[in-house]
Structure formats: C-alpha cells, structure tokens
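Look at the two complexes coming up: subunit A is in both, with subunit B in one and subunit C in the other.
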Partner chain A sequence: MLNKLITLAFIALLASSNNVVAEDVELPILSGIGGEFSAVDADGEAIEFSDFAGNVVVIAFGYTNCADICPFTLGYLKRLYSELTVDEQQKIKVVFVTIDPEYDTPGHLKDFIGHFNKDFIGLSGSQEQIDYILSLYQARYNKLSILDVPTQNIRRVNPKLFADDDEVKEDKASLYSHSVTLYLIDKEGFTRSLEYTGTPVGDFTGKIRQLINE
Partner chain B sequence: MMKSIVLMFLCLVGAVASVSAASTEVEQRVEYTTSLNSMASVVMNWYGSLIVKDTAVSFAETDNRWDEFRSHYPTNISQIKITSSDLTKLDDNYQYQFKVNSLISYNTANGEQGRMFNETFIFYVPLFSLPVIKRVSIDKVEEALVVNGSEFNRSYYKSREFAYSWLAYLDGVDMAPSLSASQWIDKVDYKIKIGNKIIQGPVLSALEQRKQYLAKGGHLLRSIDVKKQQDKESYLLIIIAEWKGVNQDGKSVLAKVRQEIEYKILADNSWQVLSIDEQHLLPDIAPWIGLLC
Partner chain C sequence: MNSLRCMVKTLMAVFFVTLLAFSHNSYADKQANIEIETFWVVLPPNVARSTAGYGIIKNTGDEPDTLLAIRSDGGSVMLHKTDIKSGMARMLHMDNMIIEPGTELVLEPMSYHLMFTDLCPIIFTKGGAVKLSFEFKRAGIIELTVPLRPSWQ
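Up next, the complex of A and B:
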C-alpha cells in the first residue's frame, strides 16, 4: 500500500514536472521595473505594495474618464480573470492604478472597478504618490488639453455619481493619453513580463499560472 | 518500490538537466559578450587609428608587427563605414574569427575616392583576458562609392572603442589599459538606479553592490550617442546595452541598461571619466512597449 502511494506521488510529481517543462516560457526578472510604493485603496485605506506579497499581481494604469483603452483593458482583464480557476483567482491581484487621482476618488474608483469585477483593486493616492508609482513602472501619461472638458461629453462606462443634476452639468475632468502596458509581477514583487490587450488570453493565463506555481 | 526509485531518479535527472541548461546558457552568454566586446574594442582601435590624425582624438598604437599589413590600406583615409560583421568561434578554444566588411573613403590629389574592403581578423581571446590579433587577411577589395557625410571619423571609433572596452570591463575583462582607467577609476562617482534602489559610490564598490542584481551575465551594446555638454568642457557618452544573466540568487534577469558617462579629453587626448549615471529601462521586448493611448 505504501509503495503504491509513493509511486502515485512520484507519478503526480513527474507529471507536474513534465507539464512545467512543456509549458513554461522564459520569464526573467525585468531589472529596474517596479518596487515598493504606498497608495490609497478603493476604501480610502493606505496600503503598501508589499501588502500583496505572496500573490501574483497584474498592474494596469488608466483613469475612469478614459473613453476607449481603459474600459477595453478592464474588459480584457475581466475575461482573463474568468479563465482562471477559483483557486487561482485567490492567488492573483488585479490592480488598476489611476493616473488622475484628483478626479478618481477612492469611492468613484471602487464603483468604476466594480463595474468590471468586484475582486479587482483600484488604487489612488496623492498626485505625488501616483507619479512615483508611474516612475517605478516607467509608465507615462500626458494631459491632452489645457482646459478640462465637461464629463457629460465623455463616453464613460461608469459615470461619477452626484447628488443633483447641476453638479452633473458642472462636472469637468481632464483627458489623458497613457501607457497601455500590463505588468505581470511575481509573488516576490519582481516584474516578470510586460503584456497588453493584444496578448492572447491563453498565453497570459499560462504565464500567470507559471508564476502561481513557482 | 523499484518503480518509485526509477521515477524519483527520472525526476531528479529532469531537475538537474533543467538547472544545468540554464547555467550553460549563462556561461555561453558571458563567454560570447566578453569576447565580442573585447574584440570589438580592438577592431574599433584598428579602424579608428587608420583614419587621418587630427588634434582631438588619439588611439593607442597598434602592435608594430601589423605595420606592413596596414600599409595596404589607402593613405589619407577620411572615413571608414563598417557595413557588416560576423563573429564565429573557431574549433580551437579561445580563437575567434571576426569578419568585417567596410567602405573606406580617402583623399587623393584627384579628390575623394572610395573602396570596399572585406577582411578577416583571427583573435586569440582567453576568457576575461585582453584579445590578441593572431592573423588578419584582406579577402576582397573593390572600388566603391565615397561614404556620405562625415560621421565615421576618428571620434566615432574612439567612442565605440571606449564603449566596448567599458562593457567588457563590466563583464569582468581587465580592459583597464584601453580605458585609461588608472586616471579615473578610483575617483569617479558611479550612480546606479534600479527601480527604487539606488547604488552610489566609487566604481569598484558600486559594481560590487550591482552584482546583487546583475551577478553573472553579459552586456550587448545596442546604441551609442555622444553629446557635447553645454557650457562645459566635457562630453556625454550615452550607451544603451542589453544585459542578460542571473542575479545573486541564480534567477534569470533581463535589463535594458542606459548609462550616461561624462568625460573630458585631457591634453594627451586620453579620456578622463568624470561620472557615470546608470538606469534600468523598460526592456524592448515588444514593439508596443512605451505606447501611449
């Protein structure tokens, strides 16, 4: 009986080892990309990046008034997340960092992110904190116009909530262009791959699984 | 029980083979980059010193046993443009063949002329040692068009000679003579920014700390640029190199290394490095890196 158990255990080990050999892709540590930072989560609580230690993390940058790439990116991440098993979902954090913390308050960010998936994490903070995070990941953004635009004129998936119509009419925000890179980070906090919404979902989930199983 | 032992053995063989393959890959990278960079430095010296002398740029003398061979080149060379090169390791250990095709422009009484040269250098390069030219042959010479502009001059080769020597030095080859390192290596402030980690200090101590992150591997030069500093008597040599290897924990690492090396040219035309500033950038692993939407 003991022999059979040992044999089965080794078969399982060998099978998993073969799987790893067959599917693994090279995911070197990308030197100088990422690091420890502090921010404010969607509940308004201060957090450190190291709070995610032990989880695989996917980080995206954007803002809630983004009419095109951000909803597309979050839709892509929603699909990616749904391809993972429940167990795998518990080992990954999908993090969306706003580049417009002035407009994207923690509460608004929470509503926006929740529209896609309630497990996703929205991070805001002071402009200084956000600019520091962007510098760590070497992500960039540019303001597209000097003047703010009425948000009513922006096609948005999840408009900010206001108490009355006057506030809605007066609401204005800036528009930005920004980096579209998705950063895949391992359980120790090292950036291991750079992806985008053009990455086939199967390839991306494969890399996520590889890091979960490391 | 026998089955278990066989299976355990297979698992272990698989694991060892995988580790061994990664280790071999790093060893090969080290050997390739150190030999390439050190040989390229010698080749840059070879061609740069063929170009007609000016007051601002000097090269170390080429071994005088090549004087007769070098007399086969035209005189009054104004520019040399290397159009292609190919490095091959020969069967004999430590020997490499470096094929170089170039266009040479030179001045004559009848105006500027051009020739194409195909040449082969055979180097002897013991690992981490200075390369020695064993043989050189001119395989083909043809009349050719004159090289446009004035980019491929002595300064062009001097900056590349320095850059290749420096990268070879970073990878462990003692290139101190070709870097004039004794004049500056102990005095220079070397600042390295890797994410939110900053290393700063004299070259040797900074490199020692850098080894935590880039322990074993090699630099491959990707681009080079030289700028005169405004309101200063110094220049900036901007190097971008790709580094691949392992960190001190043996984990695979990829870095896009950007260095700004500030230097001034001394009275004897040698370079004195004043400071080195290094940052690790987003690696160019896909065409959309850096794209904004």
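Up next, the complex of A and C:
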C-alpha cells in the first residue's frame, strides 16, 4: 500500500514538473515562416495545409533516396511520437514533405513513410507546389549532380553484371542537400518553434504538449 | 529476377573479396592495427534505394592508414559525410580516408556514414545481417558481419 502511494506521489510529481517545464517555454509566433499551401497526400489526394487546422503539426523536409539524415530524422520522429499518449497522438500530425516529387510519388512515399509510422503523412505534388512550400518555410534544397557525388564505379562492391535500363536508372539516383529544420506549428497554423533532429525528445514533446493544451 | 541478380552479384562479391584477400596478403602490413567496432546498418524501408551504416574504426598502430575501399554483399558502398551548415545538410563523398595513428573515425547519424546503394533486397530483411569488407592500405582487408537495425533503435 505504501509502495503504491509512493509511486502515485512520484507520478504526480513528474506530471506537475512536466507542466511547469511546458509553461516556462516561450513559443512566440515566428512570422514569415509557413502559410497555406496545397500538395498531394500519400493516397494521391489533393490536400491543403488548412486541412490540418486544429492539430499541432510537425513538418520535416527530405527525400526517400537520402541514406543518412532523413531515415534518422523519421526514426527520431517515431521515438518522439511514441512518447506521446494516444490522446496526444490524435492531436498531432507529423508531416514529411518530399523535395524530390519526381521520384517520391504518393504511392512510393506511402510505402516509405509507413515503415516508420502509419500515422505519419507524406506529402508530394508538382515541383512547383513543393518549391512553393519550401519558400513558405524559408527552406532550401540543391540537387547534386552525379559528377558531384558519384554513385557509380566508386568503391563498388561487385562489378556491374547488368547494364539494362533499370540499372542505368538506378545509378542516376538524384542526391540533394536540403534544409533539416523541423517546424513546430500550432493548431491555428502558426509556426511556433524551429527544432532539429538533435533536440532532446523530452524538450520537443514538452513543446508539443504545450501547443496541444493551448 | 531481382533475387536472381542479387544472388549472382553476391556470389561475384564473395569471389571478388576472396580474390582481393589473397592478393592483398602479399603487401598488407600486419603491424598496422585497425580495429573496427560496433558497426550496424540501418534496416531500410522495403522501397528504399539506399541506406546507411555506422560504427567506429580505430587506428591503434603507430602509422597512419588509409581506407581504400569498402565492399558488401548488400550493395555498393561509399564513405560519405553529412555536413550540416546553416540548417542545410549536404553530403560529401570521402575518398581515401586517412586515419591517423591513435585516432578513430566515428561513423554516426548526421556525420560520417557508409552509404549503401544498389541494395540487394534478399540481404536487407528484418533480423538479417550484412557482410562488410574494409580494405586498408597498410592493414589489408578486414571482414565482418554486422546486424541490421531500424533507424529508431
């Protein structure tokens, strides 16, 4: 009985300390970052950013042919998401916007994003749509040419055995440099904080909870 | 068809690595000390065309050594570095990486990493493992098998 009381007191203390931390964080509206846009979701349906109204949103930019930071960021967001309660998860949208819509078609994005979490939302669209979204968030990307980052005949494991069209296409995979900021957006669509994959999960979830409870 | 290609590629890779191992025995400096630790490779989504590997390469010897090549049964491998400046991540290809004596090259997310392309789907399965072969100028060839893990673990 005493153990149960101590446990309950400890949980209550933790809960109250979390609230204090959340209340102490200032999250001003970051004017000039974000806004209304249209895109295509992973089911191929047209979507407007305002469709997310009423939800806290986390937006990340990347592409599926990215080997390092994008899968790591999505893994980080998965850990972040798992720290939230089921009720909180229903009040947040985690959105991954591709910078390579030519390759990252809605169906491909759905399969890729689903590996991390079925609730995560992949957005594609026309290049014009993507470029506009990036401009809204002051995010950037640069396509690296094959000459800049060789993807063939460099440290190849095994000699090329096939040279059909598929193989040639694979070798021409586009690589990009791109912005890695994570945008935390409130229920009214205002950007309130800029985070990174290195942000301590506890700090990030605290801010998310603060915006959910506003 | 992809599986058949991968099998053929894997066989060729094994043959190629074995051939190199024999050929490099003649000049590999056995005094050079390279230790490779805690390597793992990210289990990619089924539709992914690339993935990354991480770990530590230590030079415990008295002479610098150069990482000449990395080979794997899982696909083509390059040493890359993600360089983040002003909120932008750019990928740099690292060629002939020199590891000074008494130092270590740490491969970790958002920094140095092995970039795998031309992935063999029969290798990249849940609970699977990837064979890696590191070729050094002095230490010769070091082979190991490393686990596949999701990026969130």
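Basically, the second predicted complex is superposed on the first by the 163 of 214 C-alpha atoms of A that agree within 3 Å, B and C clash if a C-alpha of one lies under 4 Å from a C-alpha of the other, contacts with A are read in each partner's own complex, and residues count from 1 in each chain.
Everything that follows uses one rule, which is that contacts are C-beta pairs under 8 Å (C-beta built on N, C-alpha and C of every residue); 3 or more make two chains touch, one makes a residue touch a chain.
Note that the structure is predicted; figures quoted are calculated from it, not measured.
K.L.:
State whether A:Gly54 touches subunit B only (first), subunit C only (second), both chains, or neither.
P.N.:
In the superposition, A:Gly54 contacts neither subunit B nor subunit C.
K.L.:
Looking at the overlay, does A:Asp111 come into contact with subunit B only (first), subunit C only (second), both, or neither?
P.N.:
Touch partner of A:Asp111: subunit C, not subunit B.
K.L.:
After lining up the shared chain so the two structures overlap, which partner does A:Asp68 touch, if you call subunit B first and subunit C second: first, second, both or neither?
P.N.:
In the superposition, A:Asp68 touches subunit B and subunit C alike.
K.L.:
Using the touch definition from the top, say if A:Glu26 reaches subunit B (first), subunit C (second), both or neither.
P.N.:
Once the two structures are laid over each other on A, A:Glu26 reaches subunit B alone.
K.L.:
Quick check for you: in the superposed arrangement, does A:Leu144 touch first (subunit B), second (subunit C), both or neither?
P.N.:
A:Leu144: touches subunit C, not subunit B.
K.L.:
If we overlay the two complexes on their shared chain A, which of subunit B and subunit C does A:Val180 touch? Say first, second, both or neither.
P.N.:
In the superposed model, A:Val180 contacts both subunit B and subunit C.
K.L.:
Quick check on the superposed pair: does A:Gly34 touch subunit B, subunit C, both, or neither? Answer first, second, both or neither.
P.N.:
In the superposition, A:Gly34 touches subunit B alone.
K.L.:
After lining up the shared chain so the two structures overlap, which partner does A:Tyr76 touch, if you call subunit B first and subunit C second: first, second, both or neither?
P.N.:
In the superposed model, A:Tyr76 contacts subunit C only, not subunit B.
K.L.:
Once the structures are superposed on A, label A:Gly44 by its partner contacts, choosing first (subunit B), second (subunit C), both or neither.
P.N.:
neither
K.L.:
Which subunit A residues contact subunit B in one complex and subunit C in the other?
P.N.:
On subunit A, the residues that contact subunit B in one structure and subunit C in the other are 68-69, 140, 142, 177-181, 198.
K.L.:
Using the touch definition from the top, list the residues of subunit A that touch subunit B in their complex.
P.N.:
3, 6-7, 10-11, 13-14, 17-18, 21, 26-37, 68-69, 136, 138, 140-142, 177-181, 190, 194, 196, 198
K.L.:
Mind listing the subunit B positions that touch subunit A in their complex?
P.N.:
Subunit B reaches subunit A through residues 1, 3-4, 7-8, 10-11, 14-15, 18, 193-197, 213-214, 243-244, 247, 251-255, 279-283, 285-286, 288-293.
K.L.:
For subunit C, which residues are in contact with subunit A within the complex?
P.N.:
On the subunit C side, the touching residues are 5, 8-10, 12-13, 16, 42, 44-52, 69-80, 82, 84, 87-91, 93, 95, 109-110, 113, 115-118, 150-153.
K.L.:
Which part of subunit A faces subunit C closely enough to touch in the complex?
P.N.:
Touch residues, subunit A against subunit C: 64-69, 71-72, 74-76, 78-79, 108, 111-112, 114-116, 140, 142, 144, 149-152, 154-159, 161-162, 170-171, 173, 175, 177-181, 197-198.
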